[in-house]
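Sharing a structure, written as structure tokens. Questions coming.
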Amino acid sequence: MLSVHEITTAYQGLVAISAVSVEVTKGEIVCVAGANGAGKSTLLKSIAGAERPRSGTVTFDGKRLNGMAQHHITAAGIAYVPENRRLFPRLSVRDNLRLGSYLYRGEADREGPLDLVFELFPRLSERLDQRAETLSGGEQQMLAIGRALMTRPRLLMLDEPSQGIMPKLVDEIFQAVLRIRDAGMTVLIVEQRMAECLEIADRAYILQTGRVLMQGPAAEIKGNPDVRKAYLGL
Amino acid sequence: MTISRRDVLLGATATAALVPLAARAQTSEVVIGVIYPFSGGSAQQGVDAQKAYETALEVINKDTDFDLPLAKGEGLPGLGGAKVRLVFADHQADPQKGRAEAERLITQEKVSAIIGTYQSAVAVTVSQICERYQIPFVSADNSSPSLHRRGLKYYFRAAPHDEMYSAAMFDFFDALKKKGTKIETLALFHEDTIFGTDSGNAQAKIAGERGYKIVSDIKYRANSPSLSAEVQQLKTANADVLMPSSYTTDGILLVKTMAELGYKPNAIVAQDAGFSEKALYDAVGDKLEGVISRGTFSLDLAQKRPMVGKINEMFKARSGKDFNDLTSRQFMGLIILADAISRAKSTDGEKIRDALAATDIPGEQTIMPWKRVKFDEMGQNNDADPVLLQYVGGKFVTIFPPQAAIAEAIWPMK
Amino acid sequence: MDKNFAARRRRDLIVAGALATLAALAPLFVKDVYVQNILILTLMYAALSQSWNILSGYCGQISLGHALYFGIGAYTTELLFTKFGVLPWFGMLAGGGIAALIAMGLGYPFFRLRGHYFVIATIVIAEIGLLLFQNWEWAGAAMGITIPVRGDSWLKFQFLRSKLPYFYFALGLCCLAWFVTWWLEDSKWGFWWRAVKDNPEAAESLGVVVFNSKMGAAAVSAFLVAVGGAFYAQFLAYIDPESVMGFQFSLLMALPAVLGGIGTLWGPVLGAAILIPMTELTRSYIGGSGRGVDLIVYGALIVAISLALPQGLVSLFSRAKAKNQVKNQVKGATR
Amino acid sequence: MTALLETRGVWQRFGGLVANSDVSISVGRGEIVGLIGPNGAGKSTLFNLIAGVLPPTQGSIWFDGEDVTNLPAAERCQRGVGRTFQVVKSFETMTVIDNVIVGALVRNTVMREARGKAHEVLEFTGLAARADVLASDLVPAEKRRLEVARALATEPKLLLLDEVLTGLTPTEAQTGVALVRKVRDAGITVLMVEHVMEIVMPLVDRAIVLDLGKVLVEGKPADVVRDPKVIKAYLGDRHAVGA
Amino acid sequence: MGLLYGLIAVGLALIFGLMDVTNFAHGEFLMIAMYLSFFLFAFFAIDPLLSAPLVAAAMFVFGAVVYLLIVRFAMRAKTNAGMVQIFTTFGLAIVMRGLAQFFFTPDYRSIPQSWLGGKTISFAGIFLPEPQLVGALVSIAAFAGLYFFIHRTDFGRALEATREDPGAVALVGIDKNRVFAFGWGLGAGLVGLAGAIMAVFFYIYPDVGASFALIAYVTVALGGFGSVFGAFAGGIIVGLVEAVTALMLPPSLKSVGIYAVYLLVVFIRPRGLFGSM
């Protein structure tokens, strides 16, 4: 479904990822892990069009994505939830969600995915008229995912969804990711909490200093002794 | 209209741009600096002035058959027919820039004299610099009375100043009163610049001396976005005569606002400036039927002195406009200055100054209704009689003083 | 690293000294008063911009109302001189002092404002000052004040034709403003200001008294600008409200710093050295046409520089430095 | 010996919202205390109250034996309260070393000393190689470390750490933990907010759990994570087992 | 008059307040609109009232083009974006003045006759000049329309979102340049409307914008950035204050009243009357 072929991205003269290739098949949950500065976020940004890769190609359902403007990539069916969530803080929860379905504003029932969002995160439906900035960190993360779902993506990319969130909600969010996959979407997720992430993922990639160090089925990676030592702190 | 003007302008641009590269003045050429606002809010005055000076230049440098000094023959006879060349400089209504330009003209362009400047504040600094470099400065169209009272040796003004103008207005009121017209109360309306303040002060002073009552004295901010509140006050005061001292922009707004608020004074006697500008009448002419403005020039002088009409045609060919109070003064200013240079037989500042001081041109040899041109020790020509003009049927008619008048004043104005 | 830093500071000082010496020698070669005039204005605006930069560049409080302090300096000096016979040298200091006091007085309410609200408040307060002076009869109102020039005198700081004394004063003022900036840059205040600009809340948590920092910057900045105003008044020998307090001065103080590089040591000088001659020359040589071409050229240049070099012209010079930085980064990343 | 920090019945209301209600906690000298609780439980507000960003609506705050309730933030910093921000607030246009110098200037008015102190702190926090880089060019993890360095440069008695270990891989977090220990060993008391239980629980001497603006539970980490109230409000079932 | 200030300010409120882009060329937009209106009258004898929609449409295009060609790049600056915007638009203002002088000559123009000019409705002793009355009505309509647009349409929401975080709107498939170009077009279009009405009773020359620009900024800030209603209220307050000050102080000081009220308001409410940012 998504095929990233040997992309290299640099900013401020520094190469962040070099010749990274990643494949995502429909219906999968793929986890990308690695240390800080390994280039995980850059990989997602390069796919989403927020950064321009210097070389390599990104294709999505056979369509070449690199070179396209970021909003066109969203329209093509890839929703991206960045690390810092990038909500519209002074807009209400309702407006944030409505903006998610901006691409479908001509349609009568433009808010189709809303039911799914409320089903996944019931507490959002209680906070519709609050400004996004007044939500707690966990709720903001839910809203960010919810907003992304409103764009009716086929591929959802999450960058560190658990960061700064209390343990109880981390679970909720990982459970939600599973449900999103069950609803027919594909998920590419970048996580620091590798243990939890590998539990729900089908396959995983490990990046190190901008290159793919290891890849394979999640269970396999989780069992790898080097990984356990270097990344899981066991 | 724009095409022909633009061509003329293009020529001017090219000259102005090339000038600094040209060799310095030789005896065959006398350079005179002309300092005006060519950009910014009063750029129009600068551009009009440029045309007036070019007209004067044509009269001086070419052989024309007018009874004006230097008209006959080419160039300056006193300097063996040397031609006059003008260098234009832009002061953007900023005294500092005016000063810098004056200094540049004197030291780089080696001008023999400077003429200018429209804005009085700029005349202050330009004349200072001229004084320091001992180069004569002819104040062609500044009307602030304080200018010549600074003890400057190199300052000359052939035209009247605001006190003279104001005195003429009150002479006119006195004359009307004798005939039984009721004029008791006045409303002053003047902007907050040097021009407006000076004019307002002069009017207030004379009114006090001659027993007129000022019922409203409004100083307003030049180029205000709105004059509604001010006009409302004028309307409430409802004086016999409204005496505005405003430039074109505020003049247009004043008249339009008056119409909107339904204020029709008995008479408007204006301190020139905006009220002699074609643009004002183009904009609101129908509302100004019967307005009286002071001036030093009137086209109907052409009836007595045909050359006035001919020179006006020359000017009109360049600018598409008739001479007005400003452009006529500018024209005359350059003629007087060039005449002095010719008589000085030198381009030396001090000699020109002495020649200027000795100027004595009879009124008939000007295009103005003046008695003559002769400067007092402060450089002011006290024989430049102002006139009062009334706007009737789309043009100005001289109504005062009696010796220059060709018609009776229509009072009240409508 | 410490060594690097000290070396850079020393190099700045040496370059400045060399430039100042070079400038001081300029009149030996430049005899043309018009060019001298441009040099004086350039130096003056460099000094003003450098002073403006202290408050707006370093401390981040963008003021577009510095014309107020400029005018206060000019008016204080000339009112004291013409009404009370106080020599301009003292008037200058008095003007600076008064401006600094006013800046601090205004600081109380003003520094609570942020962003556009602050900028507009500064424009508005300068405009109020302008209107008040325009209507203040005792101070000459719109007529302004003409300074009687009675011949060359160092005591009265007035000279008929020679521009040199003005030139050296402007140069001195420029050096002073530069040196003050240089000195402050590596001082507690300099650090505090930059911290306040970047993030007042974090600064506060690190023991920076934000309010006092802003006040200090405002006072220093206003003082220097007022001295500049006093100089301008003496130089011009005539002042009226529009010509010393108009909005254009506020802009002309900010422009060089912005073009050169806001919040940098060299930005204002560099910006003034390019902007002021450009302004003067476009006006003098193409302004006489009355067609606005000078405005088009001038405006287009401002747009072009703002867009092409948002960091200001100094960023051209710091390219080399940036390369070094990248090297360091690589080192840091592969560590 | 009195506690270094004490809050006595502190309340904070924002309009109708009660962020802290009757919070009384104390932190002893040399302790590492963990402040945990759900998002929105009032941890950040409490930090702001302690750091002096705003005065509490009610109650008092005592630091080092003195009532500091009404002192502004800068003054508290001078008295020895150092802090980091959850949302990183570096001075973006300044270099790393300059960022730290700002902090060092509180105790060292001579520039050379402040610079020296700043270098010292950078060495301590492992940022020395990045000293001349602009703060805006740091990666997020480094920015968090810079926050700590800057606060340490003020030579605090009490260091408030707001989620400085967030977003680190377990291995990286271990380095962070070591750093916090090092800080404590240097004689600085630490009060920290952190979500990652695996990391924070072994580190702290004592944990305070806030929920809905109130102190829910307080005690030894091992006890706290087993407390049913904490599990219900905060940890969820899975983590209770995990920790 | 206050409502007219409001009308001029509303376009600015959109650009300055709602999109958070400093526009120092706002007065020059007004100037261009007035010229357009003038030329439509001079060459085609279209009354300004009729040409107002035409002018607004032309200005819409103009505003959008200015954004796409210039302002877009000014917003890209990473550091001191505020200053870059100020000086880019300031430079633009100078260029526009220069161009106006070049093409239109510095002559003062004005529209001598129009359906509205100089007519006055007398109402219980109060004179209401028709152009200003129409201006007031148009202004109220424009405000209502804008208010509806911002708060009830998706596009308005998109505009707000783009202001909040221009980098994030792509996440929901919004093209920020299209949104902002449209916003600038709309802002300029509203100024076009104001210009057409102003042209009826004001003089026109290249520098005409300057006198209105500052008042417009103050009006927007007084009402508070980010609030359409604020700009509306600001306009009314400015008009009232001006009238009252002119009675109490010498008229040349009447703007002092406006400025003083602005300072007073922001000292008490640092975000203006209804501001959200």
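Letters A, B, C, D and E name the chains as they come in the text, with residue numbers starting at 1 for each one.
By our rule, a contact is a pair of C-beta atoms (placed from the backbone, for glycine too) under 8 Å apart; a residue touches a chain by one contact, two chains touch by 3 or more.
Molecules present, by chain and UniProt name: A, D = ABC transporter ATP-binding protein; B = ABC transporter substrate-binding protein; C = Branched-chain amino acid ABC transporter permease.
From a predicted model like this one, the values you see are computed outputs, not experimental measurements.
Colleague: Comparing centres built from CA atoms, which chain ends up most distant from chain A?
Modeller: B
Colleague: Which chain lies the greatest distance away from chain E when centres are computed from Cα atoms alone?
Modeller: D
Colleague: Per the centroid of Cα atoms for each chain, what is the distance between chain B and chain E, given in Å?
Modeller: 37
Colleague: Roughly how far is chain A from chain B, going centre to centre by Cα mean, in whole Å?
Modeller: 75
Colleague: As a quick test, compute the distance in whole Å between the mean CA positions of chain A and chain E.
Modeller: Roughly 42 Å separates the two chain centres.
Colleague: Compute the distance, rounded to whole Å, between the mean C-alpha positions of chain B and chain C.
Modeller: Distance between chain centres, rounded to whole Å: 38 Å.
Colleague: Mind pulling the chain B residues that touch 2 or more other chains?
Modeller: Answer for chain B, listing residues that touch two or more other chains: 39, 43, 46-47, 192, 219, 221.
Colleague: Two-or-more-chain contact residues of chain E, please, as numbers and ranges.
Modeller: Each of 79, 98, 101, 106, 206, 250, 252-253, 255, 277 in chain E touches at least two other chains.
Colleague: Return the residues of chain A touching two or more other chains; collapse runs of consecutive numbers into ranges.
Modeller: Answer for chain A, listing residues that touch two or more other chains: 12, 37.
Colleague: Inside the complex, what are the residues of chain E that reach chain A?
Modeller: On the chain E side, the touching residues are 154, 157-158, 160-161, 164-165, 167-176, 276-277.
Colleague: Okay, in this complex, where on chain B does chain C touch?
Modeller: Against chain C, the touching part of chain B is residues 9, 12-13, 16-17, 20, 38-39, 43, 46-47, 50, 87-90, 92, 94-97, 99-101, 103-104, 107-108, 121, 124-125, 128, 132-133, 146, 150, 192-194, 196-198, 219, 221.
Colleague: Note which residues of chain C are touching chain B in the complex, please.
Modeller: Chain C reaches chain B through residues 32-34, 37-38, 41, 131, 134-135, 141-144, 146, 149, 160-161, 232, 236-238, 240, 242-243, 248, 280, 283-295.
Colleague: Under the stated contact criterion, what part of chain C meets chain E in this complex?
Modeller: Touching chain E: residues 62, 109, 112-117, 120-121, 123-125, 127-128, 131-132, 134-135, 247, 251, 254-255, 258-259, 262-263, 290-304, 306-307, 310-311 of chain C.
Colleague: Using the touch rule from the top, collect the residues of chain E that touch chain C in their complex.
Modeller: 16, 22, 70, 73-74, 77-84, 86-88, 90-102, 106, 206, 214, 217-218, 221, 225, 250, 252-253, 255-256, 259-260, 262-263, 266-267, 270-272, 277
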